[in-house]
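What follows are several structures.
Each of the two complexes below includes subunit A, the first together with subunit B, the second together with subunit C.
Moving on, here comes the complex of A and B:
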């Protein structure tokens, strides 16, 4: 596929042109060093340099609260109507960690039975990545999991070359946008500048925990009884922040709500969290993960062991959100380091 | 598990609203429901509601919705009578469900606080330690909050009409606050009781720029050690957070297991 060029002075025109056609969302500064993906109408709304947003862009494909079904039980047979609200939209400025997150969720929701609501929204979105030329902050561990370079999952991918962006086109949809806006093709000089950025990144981004990621599966295999879990359990407040902000967490709860007419109603799906007290409670009152230590351990295994067996990749994209948002300052990097101690797998 | 044996309510149940010691702010929330109120009135028959009507009802109630705490012998007698006449009792608002701000009184010697409020003739004014409704009579449904979060009251009412249980979330306010993508108050350098307070309000206060005051009561299983850790980490004093929490939650000391 092709590379195009967009002058930085042309970004505003680019965003405005897109916003005339569809809803455009991008990272916006929320104050206190926090950012969130929100609808924008011009480039001045956008925070081009930002640390991962409070919630990852997964919220556009699996909304925090989502109506799935409307029903009517007044007739002889209950009637139901599946609903999906999937507007055409563009998401600009998605970092590689979040692109990796979207790729993970695409795999999860494509599994049979496929999740039509998620997939429809995903298909309708024009995803535009934005490269990190340096670290966002010290909580990220993207190099550990190899999510600091672009690896697909986008239509267009922007890399900052100083006065201009070089845009990699990854899909026909992306090509149509680039061609439609008559963005010039990249020159060999632009390609050389991109290579230079990537070369510099090789120096800047280094394995953040000093543990070979190839050893993580073995480390987790032997880690079930490690003391780090009880230590985490003692610190965790069970607020569920770490999973809500995770770009690859997808657990949800579903509930039917009836209207006051007691006939019609709807089914809602809401994000759930394995960290919450009642998550693993089943009929009869038994709780399969009663202890905070068990719940924290489960979270880590859901990132570094179970998905490996099912999807052949880590479900941690190194974005660092879980660490950043934790009230108790439970650090993913520190947990992995503690787990690896004594394993002899240091680089 | 306990089998639900709630009495089935008739097509248009007789519903009464009552108030004990409170500011009547939760009733105001009901009166202010707007369009939803019309739907509610289509589903129930309101037979007593002092804030909005003067009629009284002398038969039994299908559902009694009670605001306020029990703070004297008269209120105790009254709530027992209401209970005896009601098939279903819903406690709504912090005063009724956890004691709320009325509970602050329990932090003082009773006579001391009576003298402070009523002066030298305080003995003429009956007073008792504050209790939420469930510490006096059986409560079927709880709608926490100061004031109540109107959408939750409607959900509880629908559960009552259908005779099914309503589960107050066991998770803290943070869980909902994060879904609303609010900037955490602790990031702003402000202490907030969200991590220890039951969710269910859709982080209403934080969405509107305020902190969580703990008005919905403590989560079922608070992380005490971790809580102390967080308090220390943000350079707060445990005493300060405890005092803040007690503004609404002093009465939990009266619960058998120390919390509800």
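Moving on, here comes the complex of A and C:
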């Protein structure tokens, strides 16, 4: 695998060169300590040091609103067409937590029957990661789930070495970009500097909740009736923010719309949230998750229990967004700690 | 700048309604023929029915795959789409996705006695199995069918039910919650019928389909009869929106968080007994 070097002074040229070919998106400062992935045209738009964006980059692969089908009902027999809007694009500055999030969604949507809309958008994107040399803030728990180091999921991966980036090339698509821009190869001195960053990270990033992640499955196995859920239910306001901002949440709803011509229409997919009161209601009125406590519990099981058996990993990447966004100050770290109390699983 | 995806899982198969009949005040029966061939379903599976512009809803297939070419649905006006469906008639087109879901384990049932229990609209999915069993009657041991509904007027598939009553190779009984004075059959909950059935528990598969409230009581009766938990088969109800184990609406509160649409809707009691609600 190749490593290339990009001087920080050359970042602007790099972004501009990419932007001439395709849409380039990157984290942008939005004020009040908030950041968002947005289209950029030069490096000065980009916030290189940022806490996780309001929405994770999943919005580019699974947009908040997207058209799945178009149909025509003007004839005797209706006609339909499955469509996707998948532009060629580059996403720059994706932290390792969000790379892990994209990998989780890749697994979900490529599982048969595959979701071609998601996969098509994903394959058209050039993904460029950016390493966190230190914590973004105290809400992150990336070390708990091992998402503080890169584990693939990118074409190019940037690590800040002070005056320059060292870029790991993970795919031929990434190599073509690096070669096309004639980025020099990394020297042994650069490689040593990268090793030093990683070594330093080992000291900085420590398990954030003091509970061995290997014990979490057992903790959740016994946790269905734990009092922490009713406590969360008492505070949760069912706004659904936690799931909207989660890099691994993908629940959705669909609805048909008829156009004004009354002859054509389309089916739209929108984000949905298991935290909303009517999420598990069936026709006839039965609600299978009526209580806020049940819905919060469901969210945590969807992160720490169920995907473990199916996908061999937690569907939490430790980004901390759910905690940061929660109006009721429900903290993922505190919830896990509370759940582990009495289990004897502390380290 | 959209592109067309021909292999999209969201594509619909066009189905033409070949026959439609009102069954009760709230339920209508449809026979549908797909333009592109057979549905290729198995007993216990469901389809997503699309009414263009209205939306989509999951509906159990109530016909047996042994009767190929067309399939049947029984739809109760319960939500927006199913209420709208009541206006459909022969000749109308609908969009169909599917079949979806894990079917009843018919292969495992071969050589065993069957106790088939349906409450209310549960007869719709169970009928796909009942007719499958009728068409493959030789493969199974003793067959008991228990049916419960609110009143005699609510009974679905009345003609077929009469035929089952007459057959010598199945034992059929039915009960209503309340009957008119001229009702000569049983009155009471479906659980009251189970003690009267002779069961060899080790070689019996009990298949139970009905409203969530029914499961608890029927399972208790089956447990009293010592039917093994993995031979009690349930078909659970949830809102299965996508049918592909993705949209999240049908997940069950269970340590394994089953997607009802993909891991189910049929489950053994052994699999789902840890669920906080059936």
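Convention: the second predicted complex is superposed on the first by the 347 of 347 C-alpha atoms of A that agree within 3 Å, B and C clash if a C-alpha of one lies under 4 Å from a C-alpha of the other, contacts with A are read in each partner's own complex, and residues count from 1 in each chain.
Definition applied: contacts are C-beta pairs under 8 Å (C-beta built on N, C-alpha and C of every residue); 3 or more make two chains touch, one makes a residue touch a chain.
Please read all numbers here as calculations on a predicted model, not as lab measurements.
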{"item": "Contact breadth on subunit A, by residue count: subunit C or subunit B", "value": "C"}
{"item": "Touching partner for A:237 - first (subunit B), second (subunit C), both, neither", "value": "first"}
{"item": "Which of subunit B and subunit C A:69 touches, first, second, both or neither", "value": "second"}
{"item": "Partner chain(s) touched by A:23 [first = subunit B, second = subunit C, both, neither]", "value": "neither"}
{"item": "Which of subunit B and subunit C A:289 touches, first, second, both or neither", "value": "second"}
{"item": "Touching partner for A:258 - first (subunit B), second (subunit C), both, neither", "value": "both"}
{"item": "First (subunit B), second (subunit C), both or neither touched by A:305", "value": "second"}
{"item": "Partner chain in contact with A:173 - subunit B first, subunit C second, else both or neither", "value": "neither"}
{"item": "Residues of subunit A that lie at the interface with subunit B and also at the interface with subunit C", "value": "257-258, 283-284"}
{"item": "Contacting residues of subunit B [partner subunit A, same complex]", "value": "1, 36, 39-40, 42-43, 154-155, 158, 161-162, 170-172, 174-175, 178-184, 186-188, 194-196, 219-221, 223, 225-227, 229-230, 233"}
{"item": "Partner subunit B, residues of subunit A touching it in the complex", "value": "30-34, 36, 54-55, 59, 64-65, 234-241, 244-245, 257-262, 270-271, 273, 276-278, 283-285, 292, 325, 327-329"}
{"item": "Touch list for subunit C against partner subunit A, complex", "value": "1-12, 14, 16, 50, 52-57, 78-80, 82, 93, 95, 212, 237-239, 241-242, 244-249, 251-253, 255-257, 274, 276-277"}
{"item": "Subunit A residues touching subunit C - in the complex, by the definition given at the top", "value": "67-69, 71, 73, 76-78, 80-87, 108-109, 111, 113-117, 120, 220-221, 224, 250-258, 265, 267, 272, 274, 279-284, 286, 288-289, 294, 297-298, 301-302, 305-306, 309"}
